[in-house]
Amino acid sequence: MQSRHLIDLSDLCVNEWENITRLACDIRANIDSYYGACRGKILATLFYEPSTRTQMSFQTAMLRLGGRIIGFDNPSNSSVAKGESLKDTVRVVSGYSDIIAMRHPVSGSAMAASLYSRVPIINAGDGGHLHPTQTLTDLVTLRNEKGSFSGLCIGLCGDLKNGRTVHSLIKAMSGFPDNRFVLISTPSLAVPLYIKDYLSAAGTPWHEVSNLADAMPLLDVLYMTRIQKERFASEAEYINQRGVFVLDSDKMAMAKKDLIVLHPLPRVDEITVEVDDDKRAKYFEQTEYGLYARMALIMKMLEDSSKQLPTPPPGVQTQCSNPNCITRIEPYVPHIFRKSGDILVCSYCEERTLLD
Amino acid sequence: MQSRHLIDLSDLCVNEWENITRLACDIRANIDSYYGACRGKILATLFYEPSTRTQMSFQTAMLRLGGRIIGFDNPSNSSVAKGESLKDTVRVVSGYSDIIAMRHPVSGSAMAASLYSRVPIINAGDGGHLHPTQTLTDLVTLRNEKGSFSGLCIGLCGDLKNGRTVHSLIKAMSGFPDNRFVLISTPSLAVPLYIKDYLSAAGTPWHEVSNLADAMPLLDVLYMTRIQKERFASEAEYINQRGVFVLDSDKMAMAKKDLIVLHPLPRVDEITVEVDDDKRAKYFEQTEYGLYARMALIMKMLEDSSKQLPTPPPGVQTQCSNPNCITRIEPYVPHIFRKSGDILVCSYCEERTLLD
Amino acid sequence: MQSRHLIDLSDLCVNEWENITRLACDIRANIDSYYGACRGKILATLFYEPSTRTQMSFQTAMLRLGGRIIGFDNPSNSSVAKGESLKDTVRVVSGYSDIIAMRHPVSGSAMAASLYSRVPIINAGDGGHLHPTQTLTDLVTLRNEKGSFSGLCIGLCGDLKNGRTVHSLIKAMSGFPDNRFVLISTPSLAVPLYIKDYLSAAGTPWHEVSNLADAMPLLDVLYMTRIQKERFASEAEYINQRGVFVLDSDKMAMAKKDLIVLHPLPRVDEITVEVDDDKRAKYFEQTEYGLYARMALIMKMLEDSSKQLPTPPPGVQTQCSNPNCITRIEPYVPHIFRKSGDILVCSYCEERTLLD
């Protein structure tokens, strides 16, 4: 693979994640024949914040490949509580294991970890920043359920402002021909400007609607997300708007026969329970595709599995302006930026700082 | 097996649990030859309330069969904490695993889970309601230590009112010929009426005594349980009665030479430490029989292991009157009752409601 | 092996731990060929206080040998929380597993556990008392990095009063010819008198210095430890002394070319991050040697792995005077002492009581 680690989906070239989604499909069809593919290998799951679902998915993936698992999910029980740095933890655990899946509340932490790890790092979520294996899951689901990544009208509904999985999916799918997006949200929870710019630059059509019902007849794919109550602009908006973004049987009745409904789960009440029995509801299948996606990813990443200690690149003096960037929390991490015109973009958290 | 799941011991016909206890005995004698019997299979232990002992027993059982384990024991760390329904958790985890052992504080939760699971569910305790693998453990112990399920004088001592394992054991053993029971307890902690009715209906002799010492000479089996201090009727009764239900060397001296003493563990001080060295004390062996019982159970349940999504039966409008029934906690679960004369019996929690 | 358990390093004769360190070296060179050496065996890690690092090291060791793992790291979730005795827990878990690694906050707990266990016990730390696998780790590191246990000038820096790993290392290395020690600490954190007596009795040269810089040019080995702020005699001493015991590049520049720097980890700030890039810094390698050491130890201890229930020796009436001795916490544990002149030495916690 072009990169040793998976921090962002952009670490994979299109060719690579085509390979991974194809492998995931084959694993699904022949799962038993992959038992033993990672015999003797150890996955460490370092979950600095708990996420049972994601951790179980990684663990199951490794176990179904015949590998073994170690890890933690409770930082207050770990050496971290004694003040150990991310670097030291990663140095030690990468001595024990063959691959690491890491979840951490701070933006850029997975990239920082990769600078000190002797084994491949998979980013299993770094704060609100990136969560590439969820997007990989979504892509494997689309390949299996729609047979193609092109020519799809994709509706995204709910909190489109804060939903990292939504942003990643938009970026990924706008890279394929003839897709278009319907963005279904309140004004205060619309997708950020930079995503709209991204779509326009890619020449991908999109429009916004304020109502799920209006969008239903148009869609080939509906990607639902949860809106947390506290994210509405006001209590009044919450009471007014709430039902508007709930998927129920009535709305399903307006949709195409071959619509598929996705959701990263857990859901709370944004999809009513009756929809579960609709054959077009695919969110539970989606979690299984996530298992196959992670199996394929782990296999590919372990293909070239020699342990080696990286040399971190030199950093610069300039500080990232994002107080929740890993470079602000762990002071030894080198400061690295990409220059883009007048702007410095932090390589860890993508925060953009204007040069004076 | 007649049922795909093990919610209650009644899910097994007598023939089946005879087979399981026989298999457990063979596993005990030849444990190494069973390594690999569940190769490539995954057990998920979903413990919505912690119970290290029971969870470790299930995990060890699966590992000794060559299988793998995933799971959680801390609901506050899991997706549950984000408001996920039991249905969604079970749908997802049954996509990852081949069999599930579940412990949950709410009555009927294991049965509810079985309606949505693609793989077999083992009830590892649902509130104060059922705990069938403990009873299976007790039966395997009796088969091994007494050679027979018949002709036994069985003493049950301690909190007989709240002890679910006690009630299950009484039901199971009253199905075999020539057993009789000595119920040893305070009046306020006596077995519930419906258990006495059960015994009378089965034609099984029983009598109550208020004193462990009086019962000792009669017994072939003594099943001890813990009385929690707060379960005594009053502080005065506690101080008065406490020693009466403690098993010590003096009481052991009154008993038959081939008595066996059982206890579901953990014990606190209802059996003094000196009794541990008596060859008739079998409570530590009992936990090992529990391991073999669970190995046998998992093997049998995985014999027909195709994954399939069940269709929950339709429910009725009537609500169960037990506020701690799973149908009251998870509103989408269909309400199901058995009619018994004028009475509706909830299929989840056995609560009985009189029809008006 | 001469002892079934590893409570203290003295349970191993010199010949045995020579064998273990030699095996650890071979495992390091040929790790894949040891996969399967413990196939079908189960290690239970009973961590009555959390220590993620140590627990992960044991777990990885067993998994790399092809074995399986069960255990807990959170006593509040375990049966212990229901008041279960150490004896009962060990009796039950030794029925499930083939070997136990136990960490416990109370002195002598590992030895107490060994009296009731049907399988070998490895002491993974019992309070401030013993931690033999850390010392084994240090010895394997020395053998690999220095090629010999003799002729070394060994500096020990930091909290030498409370550091159990330091005391064990001194005892072990003073058994080999031509070693000498430089003890680097504040007066209030100097090594205890009995350690100095031990060194003098062994004829091993040693001297104390109050300054890391002065010692640097002399050393072949520098063993760093953390000084917790609250262990300094006063706030003033802390502010004055702190930097004196911090290892940085300037101090490294004064040292021999073939110095090696060790640290039991986690470190906080007693070694600056820049030292990590010095080839003489071996503390991360040390954690890997710890993995091989534990693999070798588990293999050796499982060679004779028949399960057997020990008979605890009879105890005496006399009570140990240490309130944090396991005999004071678990009242059924037999009191055992060695007599040494006028003094009784507790066999669990080494507390010395003068006979009247």
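A, B and C label the chains in the order they appear, each numbered from 1.
The rule is simple: contacts are C-beta pairs under 8 Å (C-beta built on N, C-alpha and C of every residue); 3 or more make two chains touch, one makes a residue touch a chain.
Keep in mind the model is a prediction, meaning the values are calculated, not measured.
Asker: Any idea if chain A and chain C meet via the same residues, over half in common, or different ones?
Answerer: different
Asker: Roughly how far apart in rotation are chain A and chain B when fitted on CA atoms, stated in degrees to the nearest 5?
Answerer: 120
Asker: Roughly how many whole angstrom separate the Cα centroids of chain A and chain C?
Answerer: The computed centroid separation for chain A versus chain C comes out at 42 Å.
Asker: Could you list the positions in chain B whose residues touch two or more of the other chains?
Answerer: 74
Asker: Contact residues on chain A for chain C in the complex?
Answerer: 39-40, 42, 44, 68, 70-72, 74, 77-80, 82-85, 87-88, 91-93, 95-97, 332
Asker: Which positions of chain B touch chain C when the two form their complex?
Answerer: Checking each residue of chain B against chain C gives 32, 35, 50-53, 56-57, 59-60, 63-64, 66, 73-74, 265-268, 273, 276, 284, 287-288, 291.
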